[in-house]
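Take a look at the structure below.
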Amino acid sequence: MSFNQPLGGNEMPRFAGPATMMRLPSQETAEGLDACFVGIPLDIGTSNRSGTRQGPRYIRIESCMLRPYNMGTGAAPFDSLQVADIGDVPLNTFDLKKSVVIIEEAYDGILAHDCRPLTLGGDHTLVYPILKAMAKKHGPVALIHVDAHADINDEMFGEKIAHGTPFRRALEDGCIAADKVFQIGLRGTGYSPEDFDWSRQQGFTVVPAEDCWMKSLTPLMAEIRAKIGDHPTYLSYDIDSLDPAFAPGTGTVEIGGLTIWQALEIIRGCRGLDIVGGDLVEVSPPYDPSGNTALVGANLLYEMLCILPGVRYPDEAPGNK
Amino acid sequence: MSFNQPLGGNEMPRFAGPATMMRLPSQETAEGLDACFVGIPLDIGTSNRSGTRQGPRYIRIESCMLRPYNMGTGAAPFDSLQVADIGDVPLNTFDLKKSVVIIEEAYDGILAHDCRPLTLGGDHTLVYPILKAMAKKHGPVALIHVDAHADINDEMFGEKIAHGTPFRRALEDGCIAADKVFQIGLRGTGYSPEDFDWSRQQGFTVVPAEDCWMKSLTPLMAEIRAKIGDHPTYLSYDIDSLDPAFAPGTGTVEIGGLTIWQALEIIRGCRGLDIVGGDLVEVSPPYDPSGNTALVGANLLYEMLCILPGVRYPDEAPGNK
Amino acid sequence: MSFNQPLGGNEMPRFAGPATMMRLPSQETAEGLDACFVGIPLDIGTSNRSGTRQGPRYIRIESCMLRPYNMGTGAAPFDSLQVADIGDVPLNTFDLKKSVVIIEEAYDGILAHDCRPLTLGGDHTLVYPILKAMAKKHGPVALIHVDAHADINDEMFGEKIAHGTPFRRALEDGCIAADKVFQIGLRGTGYSPEDFDWSRQQGFTVVPAEDCWMKSLTPLMAEIRAKIGDHPTYLSYDIDSLDPAFAPGTGTVEIGGLTIWQALEIIRGCRGLDIVGGDLVEVSPPYDPSGNTALVGANLLYEMLCILPGVRYPDEAPGNK
Amino acid sequence: MSFNQPLGGNEMPRFAGPATMMRLPSQETAEGLDACFVGIPLDIGTSNRSGTRQGPRYIRIESCMLRPYNMGTGAAPFDSLQVADIGDVPLNTFDLKKSVVIIEEAYDGILAHDCRPLTLGGDHTLVYPILKAMAKKHGPVALIHVDAHADINDEMFGEKIAHGTPFRRALEDGCIAADKVFQIGLRGTGYSPEDFDWSRQQGFTVVPAEDCWMKSLTPLMAEIRAKIGDHPTYLSYDIDSLDPAFAPGTGTVEIGGLTIWQALEIIRGCRGLDIVGGDLVEVSPPYDPSGNTALVGANLLYEMLCILPGVRYPDEAPGNK
Amino acid sequence: MSFNQPLGGNEMPRFAGPATMMRLPSQETAEGLDACFVGIPLDIGTSNRSGTRQGPRYIRIESCMLRPYNMGTGAAPFDSLQVADIGDVPLNTFDLKKSVVIIEEAYDGILAHDCRPLTLGGDHTLVYPILKAMAKKHGPVALIHVDAHADINDEMFGEKIAHGTPFRRALEDGCIAADKVFQIGLRGTGYSPEDFDWSRQQGFTVVPAEDCWMKSLTPLMAEIRAKIGDHPTYLSYDIDSLDPAFAPGTGTVEIGGLTIWQALEIIRGCRGLDIVGGDLVEVSPPYDPSGNTALVGANLLYEMLCILPGVRYPDEAPGNK
Amino acid sequence: MSFNQPLGGNEMPRFAGPATMMRLPSQETAEGLDACFVGIPLDIGTSNRSGTRQGPRYIRIESCMLRPYNMGTGAAPFDSLQVADIGDVPLNTFDLKKSVVIIEEAYDGILAHDCRPLTLGGDHTLVYPILKAMAKKHGPVALIHVDAHADINDEMFGEKIAHGTPFRRALEDGCIAADKVFQIGLRGTGYSPEDFDWSRQQGFTVVPAEDCWMKSLTPLMAEIRAKIGDHPTYLSYDIDSLDPAFAPGTGTVEIGGLTIWQALEIIRGCRGLDIVGGDLVEVSPPYDPSGNTALVGANLLYEMLCILPGVRYPDEAPGNK
């Protein structure tokens, strides 16, 4: 069998060709795919700056530089997985609650094909319906959640559905296994000093940003892998977990965040887990004049692809030998 | 009685001081005011680029240059009207339909004080609840609607409430007097060649952009004034009526639009009408790097203030004598 | 037969879906098409600011707002023509002379299908190989060339191929019919007072920008149509013909240019001619922070589509009746 | 004698070479020059947005596209005038009053060489010391002042020296001939309806922007030339006279301004006058992301050069014949 | 007693409401306040890029995300301190020396109320008059000065007052206790190799950036606290102390600076000192297109508030337990 | 003998004066110089985003802040070296292969004067002709190559000359001594897992970015110095070696890169080597809205000057004592 390959720079200049993720072939459904890239152009769940509706479009554009092999880890995802870009979920951009339903149905469809979706966000509200679909297939999943914010509010402005509430909703609905939830990078200001306590009370592991400063997160990831074992695991990556120096183009910015090297350690540290899906959310192109935040997002999604089960590593760490 | 005055540049540098509209005093309600500036930071009704939630904030910032007297027309609005900035309507940014209710209630409150509101938008969805409040007080109002788009869709993506539907809703609800509705500047592409026919069938007067090219609109405004007479009239000004050369920072851009000189002719041409309120919508600051679209919006709102009933003109056209 | 339609905003939000021109279906060749959109991501022929290699990508993105019907003219291009986006020409971005050959071959292929290509540029060098392909099929074509510059240098920096030389090359190679060449919008500074004389000596009609100021160009277009008659005609539109107020994002900016209303008059004034192809060149996205220059380009390409032979006008000027 | 020539694009790419005005040779003084370009990097006289200190630098950069001959008018300034860039005046950027003295001394030096200075601003405060130097040499000069603002305040924040006061100071000091002062493009808002009356009371001719809308200014310039005759005349051009569509990058923006075609008519309409100097002020690069406002400034300064006494016109209107 | 609280996101969307610091109530004087935020919109003391006059305005705007509790440290500043935004100091923007006097008088007024001011700059010149006011109340204060530059020039361009001289002036005037002055983050290029020696000769402790690279500054802060003891201490924080990766929007950029994590360690490390006031200077919004430098400034000012004497810490490091 | 000095900020404001590197004197050739700054405005060798043609111009502009002495290291380059800016190489911007020849000839000329050139790029293609000139004078040179990419492709799009091939070409031509080549910072994605193996097979030392994360590179530089000894050494610094947090404005961005502190360690760690020339490439101003990437480039070029043989260090690490 031959696998889809990203369009190469010697066939078409990188600044041209189809504006799909990594210039991969596109198809309408997930049929026949081991993994897919899918966009959710959502920003009506955001509480501060908007613009994440443009996230999928610009992540795809800036993914044009990505070549097939990972020089840092030796991963060769396109040697053993069938991957395509299946386009965007057709949201109702005027009604957040209806959009959440549309997303859940779309992911039911993707999962029916035994495909692992990697999602280009969009605001973080989208993870709630994804987790609902995941739980229907896998039962409550383990969760690695990298973010500046816990996103566990009960309500925002009286609403149950918003980009600050998805993980409370997901727990209430039995979508996540509380003792296998890891929230990394939390920080900033809160409505009460107990803002992160609800997470801990549910059994989540909270790793505040301050605990990450100026050190490698590789040991943390080893611990997390040990605790999760072979449980199906979802990886939700909010770009605002990064310090704004590394990801300026987002809507609810908090200073003192993770570095890009830590982000790579986290995702690469997920290798060996049964990652059933992942997302990269909250890229807001209007606040990203150089395009580099979208580019960071595209790279992190590629790194997620590289640690999916079944990816071959023909040559460990080829860049590093 | 003494009237509120904008904070002057000889008391506080223009780039400083309170970030209210024209650096006017702020107050919480419309009590005691002849006219007020009020913000509606809405963008969840937009169908293309978002960002209009930041409109009120940046219109206020760029209004800091405005001095009290209109050199082009001689208007002296602060000599005879009590005006203040009453802040923003506290929208539910996660639910468009609820926000529409919140807006209507807020304007019921403003109108209870016999105050004429000038609204800093925000996307055009906001005009529907404003017109509902207006009709409760005034009956169906005359409408001067300046826009690239007719905003008379029955539905968008199956929704009745969105920034492309308000005037159909307003007519259905008896908020506007169809034979006294004037839509100026319409253009662009449509879903069918009949897109503007619905307006005409209701009795609206449609003035496409092509009919405005390269000529003065002063004669048109004379006609409109004659047709409206002393009927209570609402003025809804969408910044995208202007050609993008004059107002780049908006979300649903159409080329071939009105000029800024025509915009001034239109608003100044409303003098003599019983303008009961007005709005300036669809300024999207993330697409306005120089700030000048917000500045245009601030100026047009000031020009609206200048043509409200009761404004003194101590010296006609002082700049022009 | 059913014709391809642009993906509508009620099926997929406008900021999502495939990043093809007008969100039309894409296909690899021009087979079966009456007209096609094709990108040429060229900027190594530019003499001042670069960046036009990104032109096709951003023109496509900003075309997402375009609906099928032209409200200004009544054109219904998708009612009678089969149209698709056939992607980009795979240039050799390191060698301009080889790229020119690649382009010519690509257009030979398109024209073999009797398809009328509308090209998303890219710098103006690209028109030379297109005209070579055109002439092989049609003989020397009539040319309507809208531009700030005559692009008739013999050499630039000693080179025969560059973005300032294509029309001299095209004439030398017998691609254009000199007495049916119209250059509109020329202006600026030159290397000698005779810079435009070469054009006139060949029999071209030169219409400097100064002759266009503050007037309608509809009469000029009537004259041009009369002179061209039913001769096959190519339309080459350089975005820098527009004054930079209307099209800031380009590389060789000249002040005092055409207005957007004149641009629409010119293209709409081509209706009735046997337009065999057209291009929109020199959009440079890095100098277009709002995206509006790309949006202007997308609209002008749509207007070109609307005046191709065979387009139905079910309702003349529906916006204007 | 051979004259300095701008460095041509066939000798050095336009985006390279010395960053002098038009890539002309530079020299330290005005000795031997008929005309010079000189920068005054001043912004501590501005009352709203700053940034004009960067004006000279960015005007020079964007002047790199200018070729020697004026295709619109036939002017050949480098065929008969010796011109160079003499660099910047070394301001004291911490003290406005001292900077004004430094400027005056610098212009005394330039005028001692019988050189006509064309100044790259810088905020408008700079015209006061220039006019003082002019009057010492020529007596009270005629003045053509193109601007959105009259700049005739008595004081700003209690200060006599600021960018809103220079023409009152200049009149008080006998630098300008009141009956030969023409202020074109005034508009906006004022501190009293009488704001422009002071000008009229002195005998200035005030031409508000509203009187310029949608018409050619060529007749106005004929009148002005008739009134001035052969009196030594200074031309002060504030970029904010232009509508912000044409010149977004400035600090005290007023809507409803002049067009670029009118700007060209005004400057070209000065041909025949004894222009003894000119300036282009208030370009603020931080508010000019595309660079085009600086480019407009560079072009207008070039047009000023073209109408200096002694410029040859070997071929009238070569573009237009 | 009840304390002022920041307006919450569940009462008014974060992108709306009053544009005060943290959306706190505003009042005209410091009466009754334990601490205040105050703006000094100064940029006429800058030697390179201007724009800091816009600093207070944009810091306030980007402070809208800040919630009351510090999740990193457990600080609850609004549980025990009365805080408000008292607006901007009405500078004379045309005269730096007069502005310095105005600032000093304004701070005399603030300190008369026993209020601790936290200043939103503005260029660094402003610290000199603040320190003069501080010394009148407290005697020579200890100083923690975080900056890329020592700001101890005797003169700049012959001037005693500029943004590179304030700490020399302050020492000369007896405002600071030399043996309790700590300058952290100094680096870059100098006029002589002895540029930092003057500081050391006075008894200041100089900590160059190179000594901070790749390590925690918590130990340094412990040393500093030990040396200062309970002496009244002023904290002056120049945003350019940060590497430009973390704070791009400033005027005199030096590479190789501090990290944001170190910035937080420094300010949090001031807890326990008798901080009598602080400032955050040199944010230049025109060079900050994403707004994130202003946002960093807003956060650092909030962190300063959190370490003022009297702030309650109900729950130490709630994020970190 | 007296040496050229950068124009100081007390003689001319930093935002003014000649736009040469560090505001040094300019001259046409390298005659009499120990070192020179020279620009190569090349971007037609780039494979992704263009814009590096503007690199030299903007690096010079942002170099205006640089003072003569290095406070971090004590270097006093202008005390013992004669340095000037010799302008730009007059490239043929329409033909990459011809430009490569022009560059080689230009550097032959520079080296004929025994001058050490420090090059302002420009895309990385330029290093191939420079190395050819170097080898003619010095034989195969040692090479310290700091970059995200190995730039050792055999071909790109079938071309031997492009910005991804120079070091393979240089080795083939005997310009570099393979056992003395050090490639630092390599990372990202590749066309095969063996992409970096070619380098190793030639004997190059490859130091991938992952091996640099979160540690000092001072030990690495000691090793490199030991291996190179007194061999003539060229230093090629691609700005994209830095993580995009530190250098956003470049064309082929890879995440997970070096820090600015490491960049300084690398260059300062070259002190003691016989550095015969150096370059700073791939700054792309259109993607650098704040100007800070150009500023980083200017600083790194200055640091290169500081470690050239013959530079005096009158006071070791004056900032750090």
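For clarity, chains are labelled A, B, C, D, E and F in written order, and residue numbers in each chain start from 1.
Keep in mind that, in the parts below, a contact is a pair of C-beta atoms (placed from the backbone, for glycine too) under 8 Å apart; a residue touches a chain by one contact, two chains touch by 3 or more.
None of these values were measured; they are calculated from a predicted model.
Path length between subunit A and subunit F in the touching-chain graph (shortest route): 1.
Least step count on the touch graph, subunit B to subunit D: 1. Look at the CA centroids: the one farthest from the centroid of subunit E belongs to C. Looking at which of B-E and B-C shares more C-beta pairs in contact, the answer is the pair B-C. Chain geometry summary: the mean Cα position of subunit D and that of subunit E are 41 Å apart.
Centre to centre, using the average C-alpha position, subunit E and subunit F are separated by 37 Å.
Residue positions of subunit C with contacts to 2 or more other chains are 13, 15, 47, 49, 53-54, 93, 156-158, 214, 245, 287, 289. Taken together, the touching pairs give a contact graph of some other shape, not a line, ring, star or complete one.
Of all possible chain pairings, those that touch are A-B, A-C, A-E, A-F, B-C, B-D, B-E, C-D, C-F, D-E, D-F, E-F.
Of all residues in subunit A, only 43-47, 49-51, 53-54, 92-97, 156-159, 161-162, 286-287 touch subunit B in the complex they form.
Only residues 47-49, 155-158, 186-197, 200, 206, 208-211, 213-214, 243-245, 248-249, 252-256, 287-289 of subunit A touch subunit E when the two sit together in their complex. Within the complex formed with subunit A, the subunit E residues making contact are 8-10, 13-15, 64-72, 74, 76, 214-216, 245-246, 260-261, 264, 289-292, 295-296, 299-300, 302, 314-315, 317-321. Partner subunit F is touched in their complex by these residues of subunit D: 11-13, 15-19, 26, 39, 41, 53-54, 56-57, 60-61, 87-88, 90-91, 93, 289.
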